[in-house]
Amino acid sequence: MINGERTIARPLRWGMVGGGRTGQVGYKHRTGALRDGTYELVAGAFDLDAARGRDFGTMLGVNGDRCYATYEDLIAGETAREDGVEVVSVATPNFTHYEITKSLLEARIHVICEKPLFFTVDECDEIAALAENNGLIVGVTYGFTGHPLVQQMAAMVAKGMLGEVRIVDLQYTHGFNAGDDVDAPEAVKWRTNPKTAGATFVLGDIGTHLYYLSEVVLPHLKVEKLLCDRKAFIPSRAPLEDHATVLMHYDNGARGRLWVSSVNAGNMGSQRYRFVGSKASLEWSDSHPDQLLYDVQGEPNRILHHGMPYLEDESLACDRMGALHTEGLGDSWSNIYLWIAEAIDAKAQGDDTFLKTHHYPGIAAGTEGVRWLENCVRSADAGATWVDFQ
Amino acid sequence: MINGERTIARPLRWGMVGGGRTGQVGYKHRTGALRDGTYELVAGAFDLDAARGRDFGTMLGVNGDRCYATYEDLIAGETAREDGVEVVSVATPNFTHYEITKSLLEARIHVICEKPLFFTVDECDEIAALAENNGLIVGVTYGFTGHPLVQQMAAMVAKGMLGEVRIVDLQYTHGFNAGDDVDAPEAVKWRTNPKTAGATFVLGDIGTHLYYLSEVVLPHLKVEKLLCDRKAFIPSRAPLEDHATVLMHYDNGARGRLWVSSVNAGNMGSQRYRFVGSKASLEWSDSHPDQLLYDVQGEPNRILHHGMPYLEDESLACDRMGALHTEGLGDSWSNIYLWIAEAIDAKAQGDDTFLKTHHYPGIAAGTEGVRWLENCVRSADAGATWVDFQ
Amino acid sequence: MINGERTIARPLRWGMVGGGRTGQVGYKHRTGALRDGTYELVAGAFDLDAARGRDFGTMLGVNGDRCYATYEDLIAGETAREDGVEVVSVATPNFTHYEITKSLLEARIHVICEKPLFFTVDECDEIAALAENNGLIVGVTYGFTGHPLVQQMAAMVAKGMLGEVRIVDLQYTHGFNAGDDVDAPEAVKWRTNPKTAGATFVLGDIGTHLYYLSEVVLPHLKVEKLLCDRKAFIPSRAPLEDHATVLMHYDNGARGRLWVSSVNAGNMGSQRYRFVGSKASLEWSDSHPDQLLYDVQGEPNRILHHGMPYLEDESLACDRMGALHTEGLGDSWSNIYLWIAEAIDAKAQGDDTFLKTHHYPGIAAGTEGVRWLENCVRSADAGATWVDFQ
Amino acid sequence: MINGERTIARPLRWGMVGGGRTGQVGYKHRTGALRDGTYELVAGAFDLDAARGRDFGTMLGVNGDRCYATYEDLIAGETAREDGVEVVSVATPNFTHYEITKSLLEARIHVICEKPLFFTVDECDEIAALAENNGLIVGVTYGFTGHPLVQQMAAMVAKGMLGEVRIVDLQYTHGFNAGDDVDAPEAVKWRTNPKTAGATFVLGDIGTHLYYLSEVVLPHLKVEKLLCDRKAFIPSRAPLEDHATVLMHYDNGARGRLWVSSVNAGNMGSQRYRFVGSKASLEWSDSHPDQLLYDVQGEPNRILHHGMPYLEDESLACDRMGALHTEGLGDSWSNIYLWIAEAIDAKAQGDDTFLKTHHYPGIAAGTEGVRWLENCVRSADAGATWVDFQ
């Protein structure tokens, strides 16, 4: 159980690119980073509007001198200091991830980047090589897998409690884009423009969360082929999609189905995961993250609660609030940020043994997400046909 | 609201083929038929074991002389009487539906038949013509659409409360066949054998319920093309399936996805329907049939309860228990049987005006179910490819 | 599992007093009685308006000659026939229960009466003696205890699966009387008038259901003392109550609390029962009667579903729909009516051995309900003070 | 919406007494304080074991010199520094609250103290006067009222959306003390000992949360009289209670009932609040804090979700994660800590205008909790009789 004791020697000097006053995601990064004494926010290029960014950064407690107009300025300014940032989070629109990450890594700064990571697997591979060469970590903020009961699912599957996995049912839908985009906020506009969002809208924006979480729970399964059927119910979003269904065949014979949509009018349930095995199933939703359904065929259904002694060690280890007390998304993000801090610390110390078994969403996970998107788009653009997973 | 007053002049003289002591479905037929004074059980060929069938029929209150060994005997015996049966329910394995129905219709007896109706659309068309020529009704026991809140959904969609329908999400899964069939009961064995079940297992057994209910709610939508991916996780069931996913494109541009499975280990939630429109969505499950979720984008989610004055007339008209008091599947079956009785009565009296607008699951609905199955199988057998709906 | 086979030799000739066209409860009686071939509706005094009652009875299939204007006429007419009614259900306002029941018993007709049974325990005792002397049964329609999972709770408590029972938490509330009674229907008016309703409104109308169900589950516990605090939020209902809280001390040291109200605005959840033991708890609601929560301290919470093989025999024996298929209140009423029919049949045959262990809500259960009401009123009228249970 | 921008000029220098490595509650304090840049943890007397406390504090990032053995040492050490702590949180057993708080206030340090605040109202009054005289704030960690939907309830009641409040139904139960205390951890032992816990166990430990939250939602209602029935199902806990029921009469005629227990075996639902008015009701549980049920009589039930634009400003103002993303108990604590920081800042600046309307749990709220406990004990000790609220 996490109680705030620092698991690394001292706080990492941390900066942000993006995540300014008007967005939602910046606060998730900060609340994720600042609770465990593992990060100290010392610099930032928070906003395209430099004055606003500086004002904002100051209100976050960052020295005005270290509130920069651009990420280039941030790199220049911080690399010039002895106490410059060691790690920077990138919370900007998708199309900027690659160049900012690359620049940071070249400046020998660790990176924590939003998903979807980059536009292509090629870019991912290039960045992975760069990070490796420079001895740096690239973390990816798949923010939902820090929930203790996600780790519980992974541990139960690993122990064979489900038997052979047969069916994977994944859903992440909401209805916030059910109307058109005429008066949409900036965050919607760039997400529906291929130039700024990449080749997908909801597949990348929310579908990659589903896919990564399924990888965490089912690390031994690989997709062999898939079929993606996507559509823009609001025509102006085409060729990007606001709705998609993906069917997947796994290498063990399992079948997967996945649904992402931002036009599921009125739906607040959001995410739903069901992993069906030959003996039992697990079902979890981020909307009630403290409960996990464990359904053994022929027995009463069971509801497992976070923080309870009957859970696996992997789940209890990352619990923060304790049984009866609700964990929220902020707690999950804190775990993700903590795990990445531990990776950065180990990398800095050359502790490869630790890194070999340490679980966190890194460049490999980010790359797999982009690979999955590439396969989805290839299938969809070929008329929603089956494609071999490449 | 239904209070037991007879809506037809006198009870129909009713018989059963199948539905004997050892099965579950027979009781559903009887509880459906016998509550409103619209049917009187007077004859039956309840069991392949004639003596057991006679004993069973007697315990149901049927005169021993009218407990027959076979359906042929029943037809012979009953047509010889002045007070012979007017309508017979067929609750036997799939492969017998066609021949029994045909024989009954030729003997000028109305038929109420289990789903899936027959093996082919050609058989359906032939039977439809025969029924029409002989002035008879063929009802089909799609037992879930008698729930008042299913009628509520249809009425709300008809009034345009959802806007344009965009997404249809259908699921009927359970886990009772998660294990193999070595010691399976007879009802499982004939359902997994193509000779007795037809070309499908779960698609026909439970998927047709999903498809019919969606037709009731969305009568204006037609499937243009579909893709069906099916699999037998228990290999002995092949070529039939214990799991299938179907994607559908509707003529208005809507997208559908459907999941049927009997290997969803531990799943007791069973059916889930979600109809997503441009303004709002409806979600209903047969496991809590008294509640209907009505999700208007941007407003609090609403839970509608059966029997409440704010519901549409179509829903209140078929309510039996009244608000606060739970309706069960038996109540839904009673509505189905009542509606079929009213159709038979109107047919007998030549009341075509009534029949034109009277809603009940008849031969057309049964035919559409078989047509959908044929399209699913065609797609699946072609490698889970898209096929035009024919 | 119930499949409609008659458990008694022939249908009982059955009549009704009350339960006419405009009420809700009459249909519950009929649907309860008419599914299993154990009752045949042959006579009735359905309505204070004789013509309407005759018309209604005819539409139920009763011969017009046996649709009577009054219960006195019914008794006179039916006792004059060789095939007169054997049992009559009384579904009239509370103040008439005693005199109608008495007259029926004196005419040697079994009675099935609505709750609360009579106004006083003295009346109950008198009727019990009369029934005993005349060899007749008095059944009471506590309609919720026929749910299979109520029987499951009783069986689990009996097996000691809860340990020592410590806490009993009972709730039956709704909001249908949140507004005043200016335009209230007749059924509300007589229920809020002491002359027609007796000394209580919601305590008798819905509270007796809670108390009886708790007796079924906890037959070994006796109330030693109680405190009742009641209030009429709509003043015109005083001295009767639309809200009451009852605290109870049981003879084993257990503590009970009970809440009844008809001004719980918007509450549709209705009934909630929780039985807490030293090892585990059970929780059930009539609004989702197919699920039972079984909470063992320190283990995952369990949800038991009706009809599943892991349930106790007592529960499976009265299941009608089978697992996955919802049971409703109509199914529970059918069980109650069936159990009373079996009691009447045994009584008629002098089978005292059967009656000794046969479970059904009879005169003793009805009497205990009235006794509980008397104690509640005594406490409330003394200023919500503790009274010894007498 | 909260995004981490500091609402006060600079972080408060903050210390802790108690909250060491082995407890759960310390982390809640830290996670509450450290996310918004309003507190900086600079000192502590974390543990009775001085060495362990120093080690622990160091791991939290506190300078070893400022990790003290006792609270007296902390006061001595910190008051000697120019940059000494400005505010200290007291997370120690109940019996120490009074003396530690008093000493801190005398040393002119603001205090944030655990509930139940002190043993008697007299102590509370004395401390209130001391704080007032010294210009200091005493905050109380009623940690659940920081949930945005609690503020939503208060705002809706204030706007009259419920009509006249009639019924208040409060429950906080769990089963973690269902067994005896033979091997219980220290935190249970001191809580069940009158010398260290005060005059109550569960009433003070969890009941005060219920009472305070109800005060936040219903500030205009006052308890006029109450009745408390309490019991120790585990006899060694007597005279303290592990189960209690409290009935309350409010000055507007409303009725309240409250249940606290730590022997509700297997119960994980924990808290339940229902506020019933003449027009509508609100229901909320901390176990799903992101949903609020809003039940208008005669309309579909509504589920409100945190972060949605249709909510009241008071709720949106303290939202942290935004719609669709779960808030947890940590977020609620952060709001409480933030509000207290703002009070301290205003007090330091003599901004009485701000303080007059600023909402936070302070000494008055703590006092009311102790007053309620005194009344409960007085009633219980008099044999669970009604007592006028004093």
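Think of it as A, B, C and D in the order they're written, each chain with its own count starting at 1.
Going forward, a contact is a pair of C-beta atoms (placed from the backbone, for glycine too) under 8 Å apart; a residue touches a chain by one contact, two chains touch by 3 or more.
The structure presented is a predicted model; accordingly, all values stated were derived computationally and were not measured.
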Which of B-C and B-D has more C-beta contact pairs: B-C
Label of the chain whose CA centroid is most distant from the centroid of chain C: A
Centre distance in Å when chain B and chain D are each reduced to the mean of their C-alpha atoms: 56
Gap in Å, rounded to a whole number, between the CA centres of chain B and chain A: 44
Rounded Å distance, chain B centre to chain C centre (Cα mean): 34
Contacts with 2+ other chains: residues of chain A: 176, 268, 294, 298-299, 301, 303, 305
Residue ranges of chain A touching chain B (in the complex, touch as defined): 162-163, 166-167, 169, 175-176, 178-179, 227, 229, 231, 233, 243, 245, 247, 253, 255, 257, 259, 261, 263-268, 274, 276-281, 294-299, 301, 383-386
List of chain A residues in touch with chain D within their complex: 1-6, 11, 21, 24, 26-28, 30-31, 34-35, 37, 56, 59-61, 174, 176, 268, 270, 286-290, 303, 305, 320-331
In the complex with chain C, residue positions of chain A that touch it: 294, 298-305, 308-310
